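Notes to accompany the following structure.
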Amino acid sequence: MARAFDKTTDRAGSWLSWLVSDDPPGRVTLNALMLAILAALALAPFLFPGTKALGVSSRICIFVILVASYDLMLGYTGIVSFAHTMFFGIGAYGVAIMLAKGWVGWGAVILGAAAGAAVSLAVATAIGILSLRLRTIFFSMITLALASFAQIVAEQWRDLTGGEDGLTFSVPAILRPSFRLLPHPVMGVIINGPVITYYMTFIAALALFLIMLRIVNSPLGLVLRAIRDNEFRVEAMGYQVVAYRTLICVLSAVMASLAGALMALALRYNGPDVTLSFSLMVDILLMVVIGGMGSLYGAVVGSIVVVLAQYYLQNMLGGISDALAGMPLLSALFHPDRWLLWLGILFVLIVTFLPQGIVGRLRRRR
Amino acid sequence: MSENWRDRLQRCAPYALAPLVILAALPAIGPGPWATLTLAGLTMGVMLFLVASGLTLIFGLMDVLNFAHAAFVTVGAYVAVSVLRPLAGWTAAQSLTLNLIALLVALIAAAAASGALGFVFERLIIRQVYGAPLRQILITIGGLTVIEQLVIVIWGPQAIPLPRPASLRGSVFFGSSSIETYRLVALCVGLSVAVAMQLFLTRTRLGLVVRAGVENREMIQALGYNIRRVFVGVFMAGTALAGMGGMMWGQYQAVVGSQIGDSMTILVFIILIIGGLGSVSGCFIGAILVGLTSNYVDFLAPKLALGSNVLLMALILLWQPRGLLPISEQ
Amino acid sequence: MIGAGDTLLRLDGVYTDIGRYRILHGVDLAVRRGRVTMLLGRNGAGKTTTLRTIMGLWRARRGDIVFDGQAITAMQTPRIARLGIAYVPENMGIFGRLTVRENLFLATAPRGFAQQDLDRVLESFPALKLKWDCAAGSLSGGQKQMLAIGRAIVEQRRLLLVDEPTKGLSPAMVDQLAAALLQLKSEQTSILLVEQNFQVAEAVGDDVAVIDEGRIIHTGDMAMLAADEALQHRLLGLSMATAL
């Protein structure tokens, strides 16, 4: 009996290992944390009812992919690019334009996402090849210029992108708020369009995350880490560094693009401010650093910390600010709109004292 | 080894770019608006140069890319606002002298404030990240965020108007073209600073050390110069220049908002890329080109205006992948 | 034999790492006052690394470097330079965008140019006079090398560290360079010279140290080594006497 149980757990364990590509979080605390997060996200509509909470959870799922894909370049390969938001935007606009200008249906969604991914692939290939001839800093600056250019194009090309106002569109029927899957609520929650959208986002994000885990634990991942640590040596060993860097740029870009497609569907809207702004890029950097570079689980932790801070830190600050109403300068310091100040300070502190981020720190205590 | 004509042409070409662009624009635009636009372009270019030159020197000498540079631009602009408030009497007066003195005071205050902040920034933040490009980028972006938010805490989230001094509000007329008086003043101020910088770099020993250090940091140390001590000075000078640029830009636009530094950032980066990282003369050419391009294109094809500088950058990179006047690799 | 008082520079068991690679594996070297010490060896043996370690550009992981009785192992490069050690690197290290005049000016701390300084340099390298106000980057290879050495001698130094000065120079230039080095020796300047050109080594060197794979495998008299072809073969691979 016991042996049969062992065998089942063994098989389940090995299947689980395969799922996470033999790269589990590691430490017990971290494992527990990750499982808790997974459970929380899986049951989000039931644990945290309400539109706002659902929006936050949705945002977390999407950002996990966005940040993890960025970490593929930054943490695993050592490439600093500011063009990530550009791919996010391309994916989002792909779906948005298709649904706004074309027809409303799953075909359009898939076509839009695929088109976005294809464009991202092309652009990322060009960028990857470009990275050959340029030093780190020069390359970063050029990606910044490119991202800015993309934002300008999106804002100016009204006919295609809706300009600064963006595009609002209808989504396939089951994703709409008015849709009801079941007539009566389950555990107190009505299974409507937004809930279904959330689960679509969650499952897609989970799948993409597991795919990325597989990538970093494949031979490709090993080469990438070697490139980050000592490019010359890798080149000397006969590997075409340019090819690998281009490959990871492309993978990263396509992932970001798909995340963008999910974002567009979740919001039923897309605009330059949502997906292409520099402040979004700063957010991504915040998440990568706080969570921990070079670890996909870090992306999870970082996304949660920053997204929750964005939404709920403001309430906390508001309370403090009101309490300090008598002293105008102090009160302004804790004004809810200044959440970015505190996050920025946290960011600087983490880069200084905790460069491996939260996950890195948790993993280290061996 | 003598230079043949082809090499010489290649070497002089970058210097000829700006004049060529100016000449080419004349038939495209027509003499009337051409003078106005050219001057506007040169003025904008000179102001951008102030901001960009600091950044390129810092990078050239210390290999530090200060993503927080925009913050010093913003601080300079806001400090100028605060300084000009009690001097409102002088700026409202019709006297050119009083106006100019007020502006000068504001300029010096902006430079001093940004320079002082630069000193603190270098000690606290930059010092930790020499030689680590990734951490530099991250920590300076963090610093940028924090400083800009603090500016909002101190001065409030609303944009603050910064009207031009009374005697500088009008325009001067040359034939069929009008040129805003303030632009002329800004151009003169900017050029003076640029000339002063050039004199410092070429005529003083310290300037010589900086130029040598930009080319080859190891060698200047091997000659006995403690370049680390020079770093702080250069960093402060760079941020002070940024502050000056911020003040002038704010005055130029007659309004100062918390995004004033950020709006310049992308142009400054483009200028650095065009000119070649670390090269002050390249930076000057780049700044002038960007200023001219922005103004000409805004007139000829407004829709392309914002993106035109990126295209300019792309074109120049195709010709010279490392910028117009790159510093040779160490 | 080398007397203790004669030694200007001594390296004792110096280990240097670059990144994860160990380049110097316990180098023991002595440079005698007023003499030219040759540092010979194959490519990649650690000659340049030794010079750079002395100069403080790379830090010695272990061991001691003593200059005229003073420990300079952990000293910063600028301070080492101000003790009177000049470094002429393999790539010459001249500042291409500065003029010849400015390059030399930088080497004269703080009082600036004095006539005798100029005379010394221009006497050894008259060609520099023609290019006085030209950008150093526009000079020919030989002229750059002259400038690099000129910069090292414009003020009286106690020790020169010179890395492959004759590389890529025409025979005439090589002779001019060798003459300049001999002139320096006559002025009591000590030199640690890395050179691939055996004839120059022979003409100029007094003492010799041969380094291989980060260790000194031979020290002694230059004249003796020059006379012993079999020894040369053994230490340096093919006979370097044929190198020009």
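Per-chain numbering from 1; labels A, B and C assigned in written order.
Quick note on the criterion: a contact is a pair of C-beta atoms (placed from the backbone, for glycine too) under 8 Å apart; a residue touches a chain by one contact, two chains touch by 3 or more.
Note that the structure is predicted; figures quoted are calculated from it, not measured.
Colleague: Can you figure out the chain closest to the middle, judged by Cα centres?
Modeller: B
Colleague: Among the chains here, which has the CA centroid at the largest distance from chain C's centroid?
Modeller: A
Colleague: Distance between chain A and chain C based on Cα centroids, please, to the nearest Å.
Modeller: Chain A and chain C have C-alpha centres separated by 56 Å.
Colleague: For chain B and chain C, what's the span in angstrom between their mean Cα positions?
Modeller: Centre-to-centre distance between chain B and chain C: 43 Å.
Colleague: Cα centroid separation between chain A and chain B, in whole Å?
Modeller: Chain A and chain B have C-alpha centres separated by 35 Å.
Colleague: Listing for chain A: what residues touch at least two other chains?
Modeller: none
Colleague: Mind pulling the residue numbers of chain B that touch at least two other chains?
Modeller: Counting only residues that touch two or more other chains, chain B contributes none.
Colleague: Flag every residue of chain B that touches chain C in the complex, lowest number first.
Modeller: 1, 3, 205, 208-209, 211-212, 215-216, 218-227, 327-328
Colleague: Going by the contact rule at the top, pick out the chain C residues touching chain B in the complex.
Modeller: Checking each residue of chain C against chain B gives 55, 57, 76-78, 81-82, 86-87, 89, 93-98, 102, 105-107, 109-110, 112, 137-138, 140, 151.
Colleague: Give the list of chain A residues in touch with chain B in this complex.
Modeller: Per the stated touch rule, the residues are 74, 78, 80, 133-134, 136-138, 140-142, 144-146, 148-149, 152-153, 155-156, 278, 282, 285, 289, 329, 332-333, 335, 337-338, 340-341, 343-345, 347-348, 351-352, 355.
Colleague: Which of the residues in chain B come into contact with chain A in the complex?
Modeller: 59, 65, 125, 128, 133-135, 137-139, 141-143, 145-146, 149-150, 152-154, 156-157, 262, 266, 269-270, 272-273, 277, 303, 306-307, 310, 313, 317, 321-322
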